[in-house]
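In what follows, subunit A forms one complex with subunit B and a second complex with subunit C.
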Partner chain A sequence: MIEFSGLLTWEDFQSAISEVEKLSRTLGDNWGINYYQQNTPGGSYLSYIRYIELENNLLKCEYHIIYSLSYSVPVMYFNISYPNGKLLSVTEVCQYLKKSVSEVSQQEHPLLQVPFFCLHPCNTDEIMKSLSIAHHNSPLKYLVSWLSLVTQVLNIPLPNEYGVLLNH
Partner chain B sequence: MYVGPLYHPEKSRLRMADDREILRGIWEAKLPVSFQLAADEVYTLNLPEPFYLMVPRLLYFPLVTEKIRKHFSQYINPESVNKEKEIWLEYNGLPIKWHYPIGLWFDMYVASDLTLPWVITVHFEDYPESQILHCISKDIIRSHFMSSIKEADALKHKSNIINTMQEKDHHQLWTGFQSDRFDQFWSVNKKLMESNLGEGFRYIPIRFYTPDKPLLQRLVKPLDDTSGTWTTLQDVLLELFPGISFSQTRVILHGIQPPMDSPIQWLSEHMSYPDNFLHIAVIAGKANNSSD
Partner chain C sequence: MSNQVSPFSSIISPGFWQKFAELVLQQKAVTSRIPIWGYYGPSSTKLSIFTVDHTSFDEYPATYYNQLSVKGEIISTSSLEEFKNLDKNSLIGEYLCLENTEKKPESLKTFFILSYPDLKSYTFTYWFAFPAISSIKFSYMSPSPVPESLLPVFEASKEIWKFGFFLVDLTTCTLKPLEENTGSEIFGYLEPSGIDSVPGWVIRNYLAYIIKARKLQSGDEIKLLSLLPKKSEFSESRIYLIKLEFPDDWESHPKILGWERNENKLLPRMVDLKSNLDPVTLSESFVDFNLKLMKWRLFPEFDLDLMHEVKVCILGAGTLGCNVARTLMGWGVRHISIVDSGKVSYSNPVRQSLYTYKDSGKGKAITAADSLKNIFPGVEAKGYDIHIPMPGHPTSPSTVEKVKQDFHTLEELIKTHDVIFLLTDTRESRWAPTMLGAAYDKIVINAALGFDSYVVLRHGRSTEDLGCYFCTDVVVPGDSTQDRTLDQQCTVTRPGVSMIAASLAVELMAAVLHVGKGLSKNPTLGAPPHSLRGWLSSSQHISPMFARFTNCSGCSEKVVGAYKDEGIELILRVLGDSSYLEILSGLDKLKEGLEGIVELDDTEESD
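The block that comes next holds the complex of A and B.
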């Protein structure tokens, strides 16, 4: 149950990512759930991989949407790598996303325990609260609203079909 | 180090002054380290001497290794891209995660080896970036430190205390921490340790680390809902490590094995790292007899 708190429970997160995965499959899109630590709160995440062209390089972008037990919100982790596997540096990522170091930072992936980049979760609840009318009482609408925000920040294409879920 | 076994929640605020000794003891704890340049990176004819340093358990390595980097950079290949390179540290073939407090890493990987000084190899080449985070500036360390504090307060107080603090208080936490100013740090940190009498924090910021296993972080309440008693360290371990054998496991915090009947609320208030988390190593293997 989501009141106007801007927060999401783990159970609601699980059901929402399930729905997104289902829709993604029907659209032939790439979102899938990784049941990394099944039966553990926060142990499953939604992942998405795509390739982008940047300055004659084909970069692999990997996005993981993980549930934060501490903040009760979804958090976006991502990595961008060159064809040889080398990761983009902090500076390169900030350049590509046109963001500052304070908005994007390298963190250890809470489940895989390897370096990833992360969009800071501390203000998510405030932002989601201000969108509350759009997702009142629906974990799926919450997640899709949140997704539409972060995919914009990271230049990830999100087909309109996902937005249709917001109008149900 | 004596860890008080009796916890009087009603007097918790008064006890803070008595427990200052414990806070101080943890703050001042240091480890003897011998830093050595990786043998295959030595370029000069004369070999570098090891660099000995007493490092504070509570700090992060990049806060103490600048002079080490400068010292060893005289002995590496001058053709090497530039001498402002990021160094990385290694113990027994394992890259050291700089974002773990020094004492935690020691408790996890070195304590069992029982040899001091701690011999650490310094590398300038082949940064293992798929395993450890980059640390190109002090801002990165500060950002990591403050992130932890914010997450800890999200757990303890729904972020209420950290968010109502002014920027200058945040700044004071960082400067007090990294410049070894105990009073400066604790004059702000004590606010993050407040809770209503008899209630404790909402959740305890706590993480368990087992070598070669995923890190364990779960929501832990300081007070048992049904019995109304204070949750002990033993209670938490039994819940998070089902089937744990206490005689075959060492549970280490700041180099000691805390008494199993320690209330987790008390541990959180008095034995957290400066980032406000309890970082506890859980290691399989015969228990030591000593707890100091």
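The block that comes next holds the complex of A and C.
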């Protein structure tokens, strides 16, 4: 299933994020599952919040790992907002992340239906295929490998302790 | 007495304003108060963060890891004046009632937001307040670590300390809720401050509660446990010795403070959320975003700004006109003018995609423009109910003024727009716009339909030796409608043909506009053909090119020159007598010449 396609099923995604949440609690980290639409495929997501200081402002960064039913891969959605609730614009986000507008797109959050940025999932299966030896047959390893890649792109700290899940 | 506290810094999630805007709109609120939840927890930065988000309006608060919830209110005023004139001191005093605090410790932690939501401009003026008694002075001394035996108790008794304030029984190593105060326990609280030895804001009201609960006197000292969960450990928590000082009248003159400072000043804050909340702005940015995807992934020379700025004039709001207008919006075109003198008839809506049956009887040009705005509010669409002057359709004294007015409007439209689509239903109605388009060197795109066939062509610009709609005709446009039967007067076509022709016409425009933009050796949209002709039944589609005709009744120098010299006078002359165009263009001489050639003597025999 995963070795050749680079894809993940919804059930596997659910079990993988559950393990991540458990570990996060013991590490005192705040990755948590939001059961938005409990019984619908794709209806729960893993979320993480952190605050960063940028030029005298404390920005709130909210990250949602959502399962994409059409691509069969996890997708990283995120928003960065000022303390007054205003979202950073596309240009500001690109400036902060030092990325170009083509890598980061602003879309409608599939569950909350509000504007969110996302790292486009169209190449995820290719990338995960190339890592297939590392996460051979394990949805949890798949998710953690994927997570280590996207958290790097967005400068989210993911302590090495999460690597423990790769040896599960 | 150091008296220092770390005040709360409010952080609002975008979802909070969204929810709030929805509620205000539904309630059509005059001044109103809506209960909300706020959250705070141990600090990971130097600030004590207090947050509200989309869950704030739910009946029950969300359970966030290591965060506790606070019940509060958002007060909305219906005008900025009301916001400014509200007595801030009495408002904040109203929120804190010490008697209540004794009986119901929940009121120890309270907050509210004063707001003025302006839902026309999507700006929110707001001011957080964390009411607290300031008449009690205190100092934090002698911090000591929490006894090791107590640490596992915190992990196990999460439910108790999650209230924010609790009792610690050192002898039994247990936590108890505030109500079970017997006098021997230490008071504890969740520390929102991230600064050593500087407590969070919540301490102020807590000390007032403690003084009453233990009947303390000014000068007394007590121990307080400041709980600081870090990761899943509590070892950074501290027990402090607090010395208290307060005047006798501290209860009757509590000196309630708590309005949040804005860059150190006691001022409200304002946030402009038009780009996040206004549906019109959102629709524009999502439409543009979609178009930009085309640019990044497939069509690098795409000029979206050009599409936003180009001014397009559509002559004829029938099947072709409606479909062209919609497809233009798909390309991001924002300025569309529509000309038509007709009214929507019952047969129109099924083929003319900007009308519904409810529009029957209404003027086409204006209805089409309104329909475009309904589809995409960011478009600037305007309808013009004018008659296009046609050769061979004479005026009468009663109509001549209107003809002159309409012609001037048409003239202005063509002068001020960049692209003209000729999509009218007769040949002769295309004459004046063709000539005007040539006179002002505009991009003119013509489309016409047969039952089974279509032609789409672009008129040659001044620098091109390419022909126009009339260049292949040796017959001048004249009244074609006079003797026609009903089915000849309106073009009866296979319904799909008009959509095909309209789409081709718009794509032709896009290709023309992008000619010369980078990649000119290999333009992504292809080199724009001169004309496109197709026949559905034989699945044929060709793109012929033909030259400009020196005796063209529409675009030749002689005709255009006459217009530049005479203006409306030329028009009036042509309307009355289309044969004048023959003379002007030189077609009459040409025909004479041809007649000469054609008169062959059939009886001649070769020798």
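Just so we're on the same page, the second predicted complex is superposed on the first by the 165 of 168 C-alpha atoms of A that agree within 3 Å, B and C clash if a C-alpha of one lies under 4 Å from a C-alpha of the other, contacts with A are read in each partner's own complex, and residues count from 1 in each chain.
By definition in this document, contacts are C-beta pairs under 8 Å (C-beta built on N, C-alpha and C of every residue); 3 or more make two chains touch, one makes a residue touch a chain.
Everything quoted here is computed from the prediction, not taken from an experiment.
Considered on the superposed subunit A, subunit B and subunit C are sterically incompatible, since they clash. Shared-chain residue A:70: touches subunit B; no touch with subunit C. With both structures placed on the common chain, the touch criterion links A:105 to subunit B and to subunit C.
With both structures placed on the common chain, the touch criterion links A:115 to subunit B and to subunit C. By the touch criterion defined above, A:163 reaches neither subunit B nor subunit C.
By the touch criterion defined above, A:87 reaches both subunit B and subunit C. By the touch criterion defined above, A:37 lies against subunit B but remains apart from subunit C after alignment on the C-alpha atoms of chain A. Counting residues of subunit A touched by each partner, subunit B versus subunit C, the larger count belongs to C. Superposing the two complexes on chain A places one of the subunit B stretches 6-14, 24-32, 150-158 or 276-284 into subunit C: stretch 24-32.
With the contact threshold set out at the top, residues 85-87, 89, 101-102, 105-106, 108, 114-115 of subunit A are in contact with subunit B in one structure and with subunit C in the other. Listing the residues of subunit A that touch subunit C in their complex gives 25-30, 32, 51, 53, 58, 60, 62, 79, 81-87, 89, 101-102, 105-106, 108, 112, 114-115.
For subunit C in complex with subunit A, the touching residues are 9-18, 44-45, 47, 49, 51, 54, 64-66, 124, 126, 229-233, 269-273, 275-276, 282, 285-286, 289, 292-293, 296-297. In the complex of the two chains, the subunit B residues touching subunit A come out as 97, 99, 129-134, 136, 139-140, 143-144, 147, 150-151, 154-155, 159, 205, 214-215, 217-219.
Of all the residues in subunit A, the ones that touch subunit B in their complex are 37, 41, 69-71, 85-87, 89-90, 101-102, 105-108, 110-111, 113-115, 120, 122.
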